[in-house]
Amino acid sequence: MKTAFLGLGAIGTPMARHVAAKSSLTVWNRTAETAATFAAATGASAEPTPAAAATGAEVVLTCLPTSREVESLLDGPTGLLAGMAAGTLLIDCTSGDPQSSRRIAARLGERGIAFIDAPVSGGVSGAEAGTLTVMCGGDEVTFARARPVLEFFGRKIVLVGPTGAGDALKAVNNALLAVHIWSAAEGLAALAKAGVKPSAALDVINASSGRSNTSENLIPQRVVTRAFPQTFRLALLEKDVAIAAEFIRDQRVASPVIQQVAELFRLARHELGETADHVEAVRLVEEWSATVISD
Amino acid sequence: MKTAFLGLGAIGTPMARHVAAKSSLTVWNRTAETAATFAAATGASAEPTPAAAATGAEVVLTCLPTSREVESLLDGPTGLLAGMAAGTLLIDCTSGDPQSSRRIAARLGERGIAFIDAPVSGGVSGAEAGTLTVMCGGDEVTFARARPVLEFFGRKIVLVGPTGAGDALKAVNNALLAVHIWSAAEGLAALAKAGVKPSAALDVINASSGRSNTSENLIPQRVVTRAFPQTFRLALLEKDVAIAAEFIRDQRVASPVIQQVAELFRLARHELGETADHVEAVRLVEEWSATVISD
Amino acid sequence: MKTAFLGLGAIGTPMARHVAAKSSLTVWNRTAETAATFAAATGASAEPTPAAAATGAEVVLTCLPTSREVESLLDGPTGLLAGMAAGTLLIDCTSGDPQSSRRIAARLGERGIAFIDAPVSGGVSGAEAGTLTVMCGGDEVTFARARPVLEFFGRKIVLVGPTGAGDALKAVNNALLAVHIWSAAEGLAALAKAGVKPSAALDVINASSGRSNTSENLIPQRVVTRAFPQTFRLALLEKDVAIAAEFIRDQRVASPVIQQVAELFRLARHELGETADHVEAVRLVEEWSATVISD
Amino acid sequence: MKTAFLGLGAIGTPMARHVAAKSSLTVWNRTAETAATFAAATGASAEPTPAAAATGAEVVLTCLPTSREVESLLDGPTGLLAGMAAGTLLIDCTSGDPQSSRRIAARLGERGIAFIDAPVSGGVSGAEAGTLTVMCGGDEVTFARARPVLEFFGRKIVLVGPTGAGDALKAVNNALLAVHIWSAAEGLAALAKAGVKPSAALDVINASSGRSNTSENLIPQRVVTRAFPQTFRLALLEKDVAIAAEFIRDQRVASPVIQQVAELFRLARHELGETADHVEAVRLVEEWSATVISD
């Protein structure tokens, strides 16, 4: 099978490596050197434009920061639409937003090109191991076509609803992550000020009803240790929470908690900058309470 | 060892059963029949007043709805203080509030009686199995005295800080539970309205970063099935979130998320009443968005 | 001057009456009888379609529930674009949203038609008295053309910024109104429960720093008296707060208070229905606290 | 009449000046020089302790930062209780909290001393002009005794409810002030970023339904001008909002908006420090959105 992959970022690169191993792959990246390096290492071929990368491919995969970047690749003589033929398929693994995905699907549909939104979870390590969870939005026929390609790098691959549903679910998952981080920080900061060691508190919470992936993994491994590794940028999580917040409003669901956390991450992004890791949101709660969540 | 147990409620009764099996137990309960029935079944002796139950006991355990009930048992000719001798120990397993526990500890201390706050988690099933988690607030000497008794019904028994720290940690754990329930309901209600089946959404979230005890257990088993079993009253969770909210404020930690969830549970309690289960908070999110989180 | 007016609602009708008195007016309304009745009373002529109403008019005014309705009138053989000639002007007095207004302006601009968003404040009584405040978004040339028409019904007429700025300002004003109503209700409900008469509390607040139009006029005249007159539907205020919330997010301003009030009005609209007056939001605070803000 | 005044701060000093002009006044202040200077200027006598100041006074007035300071003056050989005789009256003009005032009233009552909480509004200028608003909590007999003294510096003097009601109302008023400041800042920051001049926006809002004392006076005079005069410390407003938030919770009124604003002012106090003026809360909204609310 001939495939193309656009967007060789932190997650995209290991995903594309799996695709390269199991199909005839052409790649494109905004920074051309990245594509050249990737091609040299994997035997894929690098092309200078989206159009050139897509030409001849049965399936094109995109993995970009936001839906805006995906949309910006579509048009013009070097754009994706200039390279993709009728009957081909675009799998968008971007953590996109549902409205944009529906708009993209509609534009592709006019040219007989199929579309599925297929954001992933599992992080860089999951991408490297080929064990990502892939949540898809689209129809069953398109999902059946996309599945063999998604199996190159995914383990749990689920069609969750119509176009945009994959984006929506990814955004909601990440919004819950953001809620869990922020609320755990509030509670643990107060406990720390009252003389309760964070590790002791976490030990109890993780044996109780308040536990979450955040309390079981993120806080003990990253906050209490002060390691704060850079694995997923806060700026990207902020974007996802904003997508979730807008999606939930579009569905007219009163959502005071998620809307508020969207605001808190907005200001955390402003305060902590574009390179901070998502777990560093905790630092803001710490700063505002003049304490540190550490033993 | 001679022990006394005051408060034979849903959790207290199975706890007291373990205590009865391993010590010479006297019990008291506001409704006397409950104590009589318990005594008949376990060989414990039932007494008509807190003072009578406490007389002669080395260790008195209390397990009541709130600290207010504990304080109300102390005074008067039939009160706990009329029965407890200097040198004895009061273990309060109530999900209490730190300020009241400090006040109780001070009053007992004036009479040479030790105090430890020791709220539990694990629910009725944990109480029956004797596998509760017990989070203690007090000094190390008192903790060492209390531990053998706590082992009658607890598996993980931890001293987490000074007097009131057990209450604070229990309240924070439950506040996180409340945050997780409410935010999951917001996200899943919107996904349901957008055509994503809750069970499919949960399947993905539980393989991703947004998972929690709530998404792994409570929502699939109780909400999606519409079972809503009565295991822990919303009114009690509301009380715990209010304790957490006040505790966090006392520590001067800016805590917009937990404060807000305290308000939401306050109004949920008003809307859903005193007998609703804690997970039924989800019903309010469903009602406000005219949807049901069910497949 | 030849003018057209589309949308004879509660505010639109008295506005159009002023326009009819000072120009040669053609009207259109979704319910044709309303237009016929208006025409009979004012000497304006009623037309069956937007296109017909707009034909020959130098200036077309629209006053509809939302921007969505304005956009839906543009297209097709009976739409506004089929009737408006190049060189004419569309003044949209709808409390619209900035994004839609920019989209409408762009579409009209392609045909040489000028556009200005010009939402009004002052209510039905201001419209009848011809003393409305009009907040305009657009360029100065268009504003200069629109002003003589706006003076038919407006007293304070201000150009506040580029296209959409009028909508944004109207939405922010109404969001502040919503914030003031909700927060005053919270405070007064608690005071009432504590034995402070609402009228005494308002008397003091209105001599102090916490006063607002809401505390000076709305609460004493409408809530304390339990009159709750129907002057401005809560559903419309909810729409405006939602517009403000989205606008503020688009500007990337962290806005926890207004976002939260947007959620509260969303659920108030669900609970109180489409016909409730905006001040009735107070009823929800009253219900949740089992009190009444009345002497 | 013999009077005493304790607490010669920014507001207390001009209030005491009126009392000195109309009665035989003894003063006490934590910093003794302030009392000496005041005495020299007014003919009052300065005493070294609360007990000494209160001895012989029929009416004692206190005006301190918080109720905590009032309580801390009561006990010990130099405390107020050592100086006040049965049958005298304590008027507490502190912006206190209702619970503390009830506690103080109970303690004084045991000794036959009457108490009324009587916080004021109107600022330094109102204190100087003798035109303060005084909101009183207590019974009618005590109010009748206090009124002639309160008339020395107050214009609107109202009994609003039982002991603590004055504090509660003052706190709610100031909470509304805080809500108005924060929400206006959110809206105006977004408008400024969208190209709407703050002064133009305020001009319209102040002719519309969203107006408040904040939009009419504070923002135009202090924010748009960047003057930010130091008239009322943010730390004190934060304390008042916290009192309101706790009072409202005690009344079991679901109050998401005021609770949230309490958190925002808590963090604003942490970020801006103890000397910032209350209106400087706007600076935080400005910082988080990288804009300035100025023309």
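By written order: A, B, C and D. Residues from 1 in each chain.
One rule holds in what follows: a residue touches a chain if its C-beta (ideal position, glycine included) is under 8 Å from a C-beta of that chain, and two chains touch if they have at least 3 such contacts.
None of the values given here were measured: they were computed from a predicted structure.
Compared on C-beta pairs in contact, B-C and A-B come out with A-B as the pair having more.
Of all chains, the one whose CA centroid is most distant from that of chain D is A. Remark: chain A and chain B have CA centroids separated by 38 Å (rounded to whole angstrom). Rounded to whole angstrom units, the spacing between the C-alpha centres of chain B and chain C is 50.
Among all residues of chain B, those that touch two or more other chains are 252, 254-256, 260, 264, 266-267, 270, 288-289.
Chain C contributes residues 98, 121-123, 133, 135, 156, 158, 160-162, 164-165, 168-169, 172-177, 179-180, 182-184, 186-191, 193-197, 200-201, 203-205, 207-215, 244, 247-248, 251-258, 260-261, 264, 285, 288-289, 291 to its touches with chain D in the complex. Within the complex formed with chain B, the chain D residues making contact are 242, 245-246, 249, 252, 254-256, 259-260, 262-264, 266-267, 270. Those residues of chain A that touch chain D in the shared complex are 256, 260, 266-267, 270-271, 287-290.
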